[in-house]
Amino acid sequence: MAHKVAILGASGYTGAELIRLISQHPNIEIAALGAERKAGMQMADVFPHLRHLSLPTLCTIDEIDFSQIDLCFCALPHKTSQQVIANLPGDLKIVDLSADFRLRDPADYEKWYGNPHAAVAQQQEAVYGLTEFYREEITTARLVAGTGCNAATGQFALRPLIAAGVVDLDDIILDMKCAVSGAGRALKENLLHAELSEGYHAYAIGSTHRHLGEFDQEFSLLAGRPVRVQFTPHLLPVNRGILATTYVKGDAEEIYRTFEHAYGDEPFVELLPLGEAPSTHHVRGSNFVHIGVTADRISGRAIVIVALDNLTKGSSGQALQNANLMLGEDETAGLMMAPLFP
Amino acid sequence: MAHKVAILGASGYTGAELIRLISQHPNIEIAALGAERKAGMQMADVFPHLRHLSLPTLCTIDEIDFSQIDLCFCALPHKTSQQVIANLPGDLKIVDLSADFRLRDPADYEKWYGNPHAAVAQQQEAVYGLTEFYREEITTARLVAGTGCNAATGQFALRPLIAAGVVDLDDIILDMKCAVSGAGRALKENLLHAELSEGYHAYAIGSTHRHLGEFDQEFSLLAGRPVRVQFTPHLLPVNRGILATTYVKGDAEEIYRTFEHAYGDEPFVELLPLGEAPSTHHVRGSNFVHIGVTADRISGRAIVIVALDNLTKGSSGQALQNANLMLGEDETAGLMMAPLFP
Amino acid sequence: MAHKVAILGASGYTGAELIRLISQHPNIEIAALGAERKAGMQMADVFPHLRHLSLPTLCTIDEIDFSQIDLCFCALPHKTSQQVIANLPGDLKIVDLSADFRLRDPADYEKWYGNPHAAVAQQQEAVYGLTEFYREEITTARLVAGTGCNAATGQFALRPLIAAGVVDLDDIILDMKCAVSGAGRALKENLLHAELSEGYHAYAIGSTHRHLGEFDQEFSLLAGRPVRVQFTPHLLPVNRGILATTYVKGDAEEIYRTFEHAYGDEPFVELLPLGEAPSTHHVRGSNFVHIGVTADRISGRAIVIVALDNLTKGSSGQALQNANLMLGEDETAGLMMAPLFP
Amino acid sequence: MAHKVAILGASGYTGAELIRLISQHPNIEIAALGAERKAGMQMADVFPHLRHLSLPTLCTIDEIDFSQIDLCFCALPHKTSQQVIANLPGDLKIVDLSADFRLRDPADYEKWYGNPHAAVAQQQEAVYGLTEFYREEITTARLVAGTGCNAATGQFALRPLIAAGVVDLDDIILDMKCAVSGAGRALKENLLHAELSEGYHAYAIGSTHRHLGEFDQEFSLLAGRPVRVQFTPHLLPVNRGILATTYVKGDAEEIYRTFEHAYGDEPFVELLPLGEAPSTHHVRGSNFVHIGVTADRISGRAIVIVALDNLTKGSSGQALQNANLMLGEDETAGLMMAPLFP
């Protein structure tokens, strides 16, 4: 019998992406779609590309009978998510896609997000949702915190290297190129087509982006001592994709072998031949991660480049991968579609 | 047991699109990939977005043992296709994606394509592959000719109206907006990013586009007398999608009812509420067709707009839909993935 | 001595475009920049691409001393413009870029815009600003109403043909493809990059777009009897450009000769060789209009295609062209820069 | 009386960009346009956006009477340029836009370009064309070598810092994002719209890009000892613009003051307020350079970001700026047009 899921925040991009993916899942049924401001509307009017699906009418969270729900995806805005989750049934399985449960330390949370956490108990309980590295904990978790899309990308580049001690921990630079859907469907002037297309720029310069909280937490935990990376995101006139160009001090061949060992059995991680560079073109709309390693002309330095789709592997695909584990399904169910190219 | 298929022309966009779709098909196995000039290469090197799949090495057509093949997709260039198909086993099921077998009359073929047909026997045998209108013939066909992508789009707008006699046959205008992947992977100056992006223009003006051969053949057959439409294609800086804005003289409500009747049971055709306009955004990467009907302010005139993805419903998705019928599979197998948006 | 101008609405796209053009004008000085909500800001903070210019600080309209101003450009939103202009000095030369003074008949204005006109006296006084056809009246006008960008494009295609009586007045279709900057800098979901790029769609279907008011007024006046065209605009994922594909019943060669006669001496209108199609790529950022004429395969029908830049020739370039006439400057001053390609 | 110039290689993008700029120059006349393969054609057929200009018919180099030419722009492909220039009159003023005369040392040239130099005498004579740093030498030069577009961008970020000794010379990373027009009008599969749009990737990874030869030469000369930077270019789906994100070890405020000193009087260089980031949107189509400096969260590290238009300031605009100096014209003549936004 199919698992019944609810999606809260169904009128945003990550909500729509969840529906797209689940529509091909053999064993999950969408039982409720929450969207406070658009309650009463049909999904076909909010996202016409889902017009062919038979989906529940959008409703408010209050209208959902969670006793009939096996797992709830929360694709709500930051801050809203913690307030909602604090009031959901305590035994409901939840995959949260917001930033609210990614940082374990309440002080870290407040430092990066500017407000005290409103659901500290759940924060302590949450498991960090980077599947490839927290697979066992996720399988038995009640509440899983989806990672930031940039944070996921950077960790695919660096976690195995930090864990293996093959790069200089004090000289890591992440130069990241991000597609615009990562900013969501918000009405902001800088997200208009006329403002954004035909050009590009950096933002959150000086290592001030909130996803650094995740890097600091995870890399320091792995290394057993504080690790601080430099991270500059850039906004590109493309809808999907993140490319992380990572500058490290270490031996490229040793790095490559470390990745072969770490990712050899992973169904969604593709390690390119040494010296090749991945492209966001080749992962678009899919749950795959492409990784390339190249030695620099300067001895002892290497470049690691990671490409993934921010809405799929960076968010909703990762969320479904985690839900599969939590529901006892095959981890790859509903997630093996090939990228869309061209 | 899975059906074994071969794909000839695997290094072009329609070949790659077939592989993308079949990778999600429950009951088809890709047994051979033909690509003359790239024989010996791996698909991952030709199309890195397919890197995660286990696929046969590219080979020449001569190397394929067709006795082991249940159905062959020919995604070869025009003219090449007829020469190759003339020499394939006479009992091999074939879905051809080229223009070579779309026109039934050898004289029409020569008029639009400029050369005598090299496989007249097969031309006579071929069934026109617009599934929704030739379903029965396709089910029992040996050789099916995939339609032109523009030709498919225009026929979804007009076939039911011509058949029902609800529009003036002598005053039909198809203004079509086409994405660039329809032109294939050829190295032409006008297909360069720097030439194409940030602008748009008409081409094949004056109703000189070859797909008019298909319109003339099919519309005249339906009407029982010659029908000649005006057709102006435009090239847009987008990779996928065709939007046909069709100007007809007829009653919008009668047109709408005609479509309800024609498409009510079709799994891939979505009729929008009267007065709404479809968008290529909402069909991208999918096999769906969205259709909208609107009355003009001038009484007795209507606008019919059709959106589909030229590489999927306009080409490779249609081909797989036809192959499903020919192989006794569910017509929708491997084709129900939702569009990719944003 | 340079003419002093004020620009009201300097924080929108047409305001910025005026500044871009005037920055290269030999004889016009920008003396005041009005922008109510951004008063007190520097232009470099509102439009960083103008950072290199020495410009007045943005101010409210009340702060401007109009006695020092030779001509005022009003690049304000519709409705706001008529209220502001009603209160400006009665002898101030004004070029208005809004829709407020384009229609001469108050009833027509109310029909298309939904509210009674708030400055009827000025409405009666205003001269319609399509320079090539109202050159004499503009030269001596006090108040000139800039045309709609779509309205300008369609009139370049049709005015000479209607005036010469060489096309069927009852069967004209304008299928228009419009860039997104025409919608301005407003925060609307459908103008977001993620919503708009990679696809396209029609809007204002059924001939309901407000620019039809201008077509009806001007074409009927020219013909001496009511003329109603069909007009379907489409929104494209491009920032600048309008392409009008015009379907008319008439002889292509006669149409071509009519254009040669009408536009032979025009500095900004380029008539392409018969049978060639213009592209918006080739007019981008310039004040030029490219026009192509082609005969259809159906005898007695022709296609006229017009390309221009909606922000330049369709709006701010046209405004400066008119201001040049009103100020006694060379009509082309500041406007001869070549298009930007690629 | 106007200076007469010839442009060799007029059918490429940098040739067309020169014509666009010179069309607004008060004192330069285009007397000859060389284009071997397109000799005999009109410019309007090669670049329709220049249709409004009266230009010489394209011709072969042999057909040009160089005794009537005051200065020759060579916008020819690499290798071709050195062969052509070796045979031009020895007293003809030349601005070369190719890579052929950028490196002073024949061994360096051969290392990066793979062949011995065919015009060593002229190579020795050439002045490096980065105007802001070689102004005096350029003014009296006979032959000026235009810089690489990436090379220009990186040098605007780093030259003042290396000269002033305010950054660690052994730890400099240039992560560069490049628009596609930099690759020219060549027919390559990876430059097709369908391959390039909607994604991005690095290329020439591992610091193997030829423009490193310029960085090595210039930075080492400035520092008085060998300097080797890391440099990773990325190809973006945009037509114009380069953004260099430069990671240096040094004090951001000292870096900022160094730039204020270096660029305070430069007409084309705009230093943004400390902590702001430039965008390629805001320099498009112009000769301006925007520079931003930001301190990283890690003490002692800074990010310097430079934006310019690769075809203008990175190539043809720079060439005209140099030609102005060589001809005794105002350095900014024909180059003060504002960027095109949106």
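So that you can tell them apart, the chains are marked A, B, C and D in the order they are listed, and the count of residues begins at 1 in each.
The rule is simple: contacts are C-beta pairs under 8 Å (C-beta built on N, C-alpha and C of every residue); 3 or more make two chains touch, one makes a residue touch a chain.
All values reported here derive from a predicted model rather than from experimental measurement.
K.L.:
Give the chains in contact with both subunit A and subunit D, ordered by label.
P.N.:
Chains in contact with subunit A as well as subunit D: B, C.
K.L.:
By mean C-alpha position, what chain is farthest away from subunit A?
P.N.:
Relative to subunit A, the chain whose C-alpha centre sits farthest away is C.
K.L.:
Can you compute the centre-to-centre distance for subunit C and subunit D, using the mean CA position of each chain? Integer Å is fine.
P.N.:
Roughly 36 Å separates the two chain centres.
K.L.:
Nearest whole angstrom, what separates the Cα centre of subunit B from the Cα centre of subunit C?
P.N.:
39
K.L.:
Rounded to the nearest whole Å, what is the centre-to-centre distance of subunit B and subunit D, using the mean of the C-alpha atoms as each centre?
P.N.:
45
K.L.:
For subunit A, jot down the residues that touch at least 2 other chains.
P.N.:
13, 181, 194-195, 198, 237, 239-240, 278-279, 281-282, 284, 342
K.L.:
Touching subunit C in the complex: which residues of subunit B?
P.N.:
Residues of subunit B touching subunit C: 171, 173, 175, 177, 194-195, 198-203, 205-208, 212, 228, 230, 232, 234, 236-241, 243, 245, 247, 275, 277-282, 284, 292, 294-298, 301, 303, 305, 307, 342.
K.L.:
Under the definition above, what is the set of subunit A residues touching subunit C in their complex?
P.N.:
13, 180-181, 185, 187-189, 191-198, 237, 239
K.L.:
Touching residues of subunit D toward subunit C in the complex: what are they?
P.N.:
It comes out as residues 13, 16, 19-20, 23-24, 47-53, 181, 198, 239-240, 268, 270, 272, 278-279, 281-286, 288, 290, 311, 336-342.
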